[in-house]
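In the two complexes below, chain A is the common chain; its partner is chain B in one and chain C in the other.
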Partner chain A sequence: MKRHFRELSVAGALALLLIAMALWAPKFFDPQPLLTRLTGQMAPTLVVACGMTLVIIARQIDISVGSQFAICGVCGGLLLNHGVPVVVAMLAAVLLGALLGAFNGALVAGLGLPSIVVTLATMVTWREALRWQRSGVFVDIGPAQWFGLGQAAGQWTILIGAVALMVALALAMKHLAAGRFCYAVGTDAEAARLAGIPPRGVTFAAFVFLGALTGLAAMLAAVQSPQVDPGAGGGLELRTIAAVVVGGVSISGGRGNLWGVLAGLLLLSSISPALTYMGVEAYWEKAIQGTIILLAVVADGWRNRKQNH
Partner chain B sequence: MSVDELPLLRLSRIAKSFGAVRALKGVSLDLRAGEVHALLGENGAGKSTLIKVITGAHQPDEGTIELAGERVEKLNPASAHGLGIACIYQQPALFPDLTVAENIGLRLERAAKLARVNWAGRRTRAAQLLQRIGAAISPDAEVRSLSMPEQQLVEIACALGAGARIVIMDEPTASLTQKEQHLLFAVVRDLRASGVGVIYISHRLEEIFALADRVTVLRDGESVGLRVVDRAGDRPAAPEAAGRRVGDNAPHLTESELIRLMVGREVTSLYPPGGAAPGGEVLVLRGVGCAVSGLHGVNLEVRAGEVVALAGLVGAGRTELARVLFGLTPADAGEIVLNGARVTIHSPQEAVASGIAYVPEDRRRHGVILEMPIAQNMTMAVHPSLFPRAWLRFGAEWKLADGYIRDLAVKCAGPEAPAGSLSGGNQQKVALARWLATKPKLLILDEPTQGVDVGAKSEIHKLIRRLAQEGMAVLMISSDLPEALGMGDRIGVMRGGTLVAMLPGGSDAHTVMAAALGQNEKGAAA
Partner chain C sequence: MKRLLALSLAVGLILSGCGKNADSGTPAASAPAAGGKKLTIAMLPKSKGNAYFLSAAKGAQKAADALGDTLLFDGPTQTDPAMQNQIVENWINSGVDVIAVAAENKDALSTALRKAQTKGIKVVSFDADVLPDARTFFVNQATPQGIGFALMDEAARLCNSEGEFAIITASLTAANQNEWKKHIDERLKTYPKMTLVDFRPSDDDKAKAQAEATTLMSAHPNLKLIMAICSPGVPGAAEAVKQAGKTGQVKVIGLGLPNENKVYVHGGVTDSVILWNTEELGYLAIAAADALAKGSLKAGDTSFKANGKTYEISGDNIMLGKPFIFNKDNIDQFDF
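On to the complex of A and B.
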C-alpha cells in the first residue's frame, strides 16, 4: 500500500473524475464516442508512453518521438498505398522506428551525449526532412483503413492490442532481468556497471525499444483514417512525457511502473472530454493538465526531500 | 625557551569530532614567518581535517587559533582568506575555460557585480603576480591549456595577490614530474625568503628533507612529534636559517625516525589467524600497466587460499590496479594470467565471467544500490546463472538472499528492505554477498572496512579469512595499516603506480611504511 501510494493516488484522482462524470455528466460514458476517444488519442499515446517509461526509468529522455511517429506513419502508409499487406507494412514501420531509436541510442549511449540535446536535434531534423520530402502531402491508404476489418472491429483491435501490450510490458518490467537492469541503470549507472551490468547497452536498448513502439503506434494511428497526415505526432512527446511523469515515474530515473503511467494517461486524456460534457470552456483543459503535472512533480520533489533528510 | 618573535599561526590543542569519530584529539602547531613547516602523517591521521580547521572550513570543537599573537574566533573560509590564509590543493580549483588573468581577477577583485571590468588593470596585475613568482605564463592563456604545475603556479599567484602570509600546500607535487617539482620548490623557497609561512604536506620524505625547516608528525589525530630538519649539508651558509634555529629545542631527525613516529601505534586489535599453506596461483600479473590510470610494470601473484593485502598511500595506484583487473580501465601493457590461462579483461562482464569479483571502495556510492532491496542487490551479478531463462524467479532470489543474510549475519528487516536502510557494516556484507554469489576465484576487496564500526569490522575480517580458507584468492586493499598487517598472508606495497615490495606476513609497520614512502636506505625496495 505505502509502496504504491504514488500510483494509487493517481488512480484515485482518476476514479474521482469518473465518479463525478457518472453523477453529473453520464453522457461521458456513451459507448461509441468513448471507444473512439480511447482508440483515437489514447491507444497510440499509450504505446509510445510504454517505451518512454523505459527510457525515463533508465534516466534518459526522448523528445523526438513525435517526429519518429510522423516518419513511420508516412512510410508505413506509403507501403499500404502500394498494396503491401498490412502486417508487412506494420513490421516495416516498427523496424524503421527501431532504426530511428537506434540512431538516438547510439549517440546517447555510444558517445555519452545528453539525451535531451540529441533528441531535440533529431526531433527537428526528422520533422523537417519529412516536410521537405513530402511537402505535406497526405498518403492515401484506401482499403487498409481499420486493417480492412471495419470500424468497430478495428477499434477494438487497436484498443485491446494497446492495452495488452502495456500489460505484457508491465509484467516484463517486473519479471524480466532486462526490466530490472533498466531500473538499476537509472538508479545508479556506475553501481550497475560495477555489478557487471552494461549501462550503455541498457540505454541503447531502451531507445531502440521506444523507437520500435513509436513505429507501431504510428501504424495504429494511421489505420484509423483513410489518409495518413504527415504532420501527425505533433506534441506527442509532451503528451507521453506528461503521462509518464503524472503516472509516478521519476524523471531522475529508477522509479515508477506502467500501471501508474496508464492511470496518468487516462487522467490527462479525460480532462478535455470531461470539460466538454460538463459544459465548461475548453480553454481550461491545458491549464488543468498543467496543474496536474505540476502537482505530480511537486509531490515527487517533496518525497525525495523527505527521503534525503 | 626564548621567544624570537610571535609565530604567524599558533594552533593550541585543536580537537574536532565528526559524530563518534575523533579526527583531531588536541593538535598543536606553530608556524613562523619565513619557514616551511611540513605536516606528515599516514592516511587518516588528521592532516586534511587540520587544514580545514586552518582555512575555516571546519570549526574546531576545542582549542584556540592565534594569528600573529591574536586569538581568532569563528574562522570561516571568507575571513580566513581576509586574514591572509591561502590553501593550494593538489587539484587546482581554477575555471578551465577562462584565461589566467580572468581567474586571478575573479579571486582578487571585489567589485560591485555590475561595475565595468578594468581589463587592462586586471591583465597588468596578473602579469606582475606571475612575474613575481618567476612563472613564464601568459595572462591571456586559457587555464585549460596549462599544465598541472602551471595551474598550481597560478594558484600561488592568486595567494600572493591576496596578500597571503600563510600558504598551505596539500601534496602539491603528487602529479608533477621531477623537473616541474624543482620549479615548484624554487617558488616555495622564494615564498619562504619573502617571509611567508608555508605549511607543506607531502608523503615524499625526500621532499621534506629538501624543503622543510621543521616537521610536525600527526598520528591518529594527535601531534606526536615536532622535529627540526637538519639541512646543514645542502644549505651551508644561510644565516637566516641558522638564526631561526636559535632557541629550538626540538630534536633533529632521520628518515627512520620520521617513519617510526608515523606508525608508532601498536597492532592491538585481534585478527583471525592466517590460513594453512596456500594452493596454486590464481592470479599472476606480469608487467601490467595502464597508461590512463598511471600504472606500470606491476608484477604480482595471488594464490588460492591466501589473503594478499595491498598497502600504500592514497594515490599509490591500488584502486587503479583493482579497476584494471575488473576491466573498468583495461590494461594496455603486460599480461594477466588467471588460473594458468592468459586473459584479457575489457569489461566488468568479462571479469565476472572469468571469476573475478570486485567489492569497490566507497560502498555508499557504488557498492550497493541503496534504493534497491537487499535481495535484488545480492542477485545483481548472478542473473544469468540464477535466472537462466531471463524470467526472474522471486522464490530463488529470496532463498539466495535469505541464505546470505543468515550466513553473513546481516542485520536487517528482511530481504525486501532497501539496502540504504542498513548500517555501513551491513551494507558492506550485502556488497560482499553479491559477489560471493558469483562463486569467484579471485575476490578483490577495496577498503572493506572503511567507515564500518569495530564490531562489524571484526566480523568482516573473520569472513574474509573464512573465504580464503575455503580456497578463494583474496586481494585486499587497505589503507588501515594494522588491518593490512593483521589480515595479509603477504603484504604488497604500492607506490607511484607500481608494486614496489612484496613483504611476508607478520612484517612490521615500519618496514611497510618505509616501502610505501620510498625510503631507500638499507635496501627496503624489492
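On to the complex of A and C.
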C-alpha cells in the first residue's frame, strides 16, 4: 500500500474528478465526445508517454518528442499521399522515429552528453528543418483516414491499440529482464554495470524505443484527420513528461510504473474538458495543471529526501 | 495568420548557408524609355516558393500587364533576410524604377531600401512593412478591426443574428488574437441576440482545437457556430463537427488559409474562411508602385484608384479594405 502511495493518490484524484463530473456535469460522459477525446488527444500521448516513462526511469529525458512526432507524421502522411499501404507507411514512420531516437541515444549514451541539452538541440533543429521543408503546408491523406476503416472502427482500433500496448509494456517492465535493466540503470548506473548490465546500451535502447513509439503515435494521430498538420506535436514533450511525473515516476530515475502514468495522463487531460463542462473560464486550465505537476514534483522531492536520510 | 507569422520567424541559422538562387532577374524587356513610361517594377516577396506570395504575384502580373510595365518577381527560395538584401542590391545595380517589398526583417531590409531611394528608385511595401522612412507607402492588407468585424458579421449572418456561438483561439496570451477578440466583442454588441458562450485556447494545435470543439458542442447543445481565430483551429473545429455528425447543425467559420479548409468547405462543414484577397493585394501593390513612379500617387494623397476600385489611404497606408470571404463558390480559385 505504502509502496504504491503515489500511484494510488493520482488514481484517487482522478476518481474524485470523475465523481464530481458524474454529479455536476454528467454530459462529461457523453459517449461520442468522450470517445473522440480519448482517441484524438489521449491515445497518441499515451503511446509517447510509455516510451518517455522508460527514458525517465533510466534517468534521462527527451524533450525532442514533439519534433519527432511532427516529422514522422508528415513523412508517413507523404507516403500515404503517394498511395503506399497504411501498414507500410506506419512501419516507415516507426522506423524513422527509431532512427531519430537513435540519434539522440548515440549522443547521450555514446558521447555521454546531457540528454536535456542534446534533445533541446534536436527539438529545435528538427522542428525548423520541417518548417523550412514544408512551410507549414498540410499533407493530404484523404482516403487513408481511419486506416480506411471508417470512423467508429478506426477510433476503437486506435484506442484499444494504444491501451493494449500500454498494458503489455507495463507487464513487460515488471517481468522482463529488459524492463528491470531500465530501473537498475536509473537507480545506480555504476551498480548496474557491476551487475553486468551495460548502462550505455540500456540508455541507447530506451531512446530508440521512445523514438519508435513516437513514430507510431504520430501515425495514430495522423489518420484521425484527412490532413496531417506539420505543426502537430507542439508541446507534446510537456504533456508527456507532465503525465509521467504526475503518474509517480521519479524524475531522478529508477522508480515508477505505467499504471500511474495512465492515471496521470487521464487526470491532466480531463482538466480542460471538465472546465468547459463546468462553464469555468479557460484561464484556469494551465493554473490547475501546473498546480498538479508542482504537487507531484514536491512529493517526488520529499520522497527522495526521506530516502537519503 | 499565425502560421505565416511562424513561417516568417523560421530560423535560417543552419540553413542560411545553403546554396540559393542568386539570380535577381535582369529585365527581359528593353530598359524603360524616359518618356514612354514603360516601367520596370521589382517585387520582392518574403519567399518566392510560398503559395501565399505566388498568389500575390498572380495579381501583380495582371497589374503589370494592364499598365504595360515589366514585372520582376524574385525573392529568397525560403525566408531569408540576408538574401532579400542581396536581391535589392542587385536591383539597385541593374536599375529598376520601383520596388515593392514584403519584409522578412524590417530593420535589415530598410537599410538597403534607403540606399535604393537615394538612387531615385521608389519603394512601396506590402504584406509586411519596413520602417516608414524606407518606403513611401505601405499597402496594408488588413486591420485588426477589419478582421474582428468581418468575423463577427459573418457569424451573425450565418446564425441570422441569433443564438449561441463559441470562439477557439491560439493561446489566451496571443497578442494578435486578443486584439481581434477585442474587436469581435465590440461588434458583438450590435447583435444583442447572439451569445458568446466560451472562449477556448487551442495552443495553435489542430488536434487540441478539435478536442476543444468536440467538448464545446457537447457542453452547449444549442451551439450554432464555432469561430476559430487561428489557422489550425479552423480545420480542427471542422473535423470535430464532422466526427460529431453535426455538419450543418453547427457551423464553422474562421481565419485561415483556403487550401487547409477546402475539403471542409466542399463538404459543407465550414461555411466561410476569412482572410484577405492575396491576388488583389498583389495587384494593388504593383498599381501603387506604378503610380508612385509616374507621379500620379504622392505622399499625402487620401485615396487611390486601381482597377476601377477606390482604396482609402490612411496616413501612409493604402488600405486593401474589408477582408475577403472564401466560400464554396470561390475557394477553388485560390491555391495557397
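In the analysis below, the second predicted complex is superposed on the first by the 309 of 309 C-alpha atoms of A that agree within 3 Å, B and C clash if a C-alpha of one lies under 4 Å from a C-alpha of the other, contacts with A are read in each partner's own complex, and residues count from 1 in each chain.
Just so it is clear, a residue touches a chain if its C-beta (ideal position, glycine included) is under 8 Å from a C-beta of that chain, and two chains touch if they have at least 3 such contacts.
Nothing here was measured: the structure is a model prediction, and the numbers come from that model.
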Three-chain arrangement built on chain A, chain B and chain C clash or fit: fit
Which superposed partner A:G40 touches (first chain B, second chain C, both, neither): second
Partner chain in contact with A:G161 - chain B first, chain C second, else both or neither: neither
Touching partner for A:G254 - first (chain B), second (chain C), both, neither: first
Arrangement angle, chain B at one end, chain C at the other, chain A at the vertex (C-alpha, nearest 10°): 120
Contacts of A:S225 with chain B and chain C, given as first, second, both or neither: second
Touching partner for A:E190 - first (chain B), second (chain C), both, neither: first
Superposed model, chain A: greater residue contact from chain B or chain C: C
Least C-alpha distance (whole Å) that remains between chain C and chain B when both complexes are overlaid: 30
Footprint overlap on chain A, comparing chain B with chain C: none
Contact set on chain A toward chain B in their complex: 174-178, 180-181, 183-184, 187-188, 190-198, 254-255
Chain C residues touching chain A - in the complex, by the definition given at the top: 3-4, 6-7, 10-15, 47, 49-51, 78, 172, 198-201, 203-208, 210-212, 214-219, 232, 235, 239-240, 243-245, 259-260, 263
Contact footprint of chain C on chain A as seen in their complex: 25, 27, 30, 32-33, 36-37, 40-41, 44, 124-125, 128-129, 131-132, 135-138, 140, 142, 151, 221, 224-227, 229, 231-232, 234-235, 272-273, 276-277, 279, 281-283, 285
Residues of chain B defined as touching chain A within the complex: 326, 328, 347-349, 351-352, 358, 360, 365-372, 376, 380-381, 383, 387, 390-392, 434
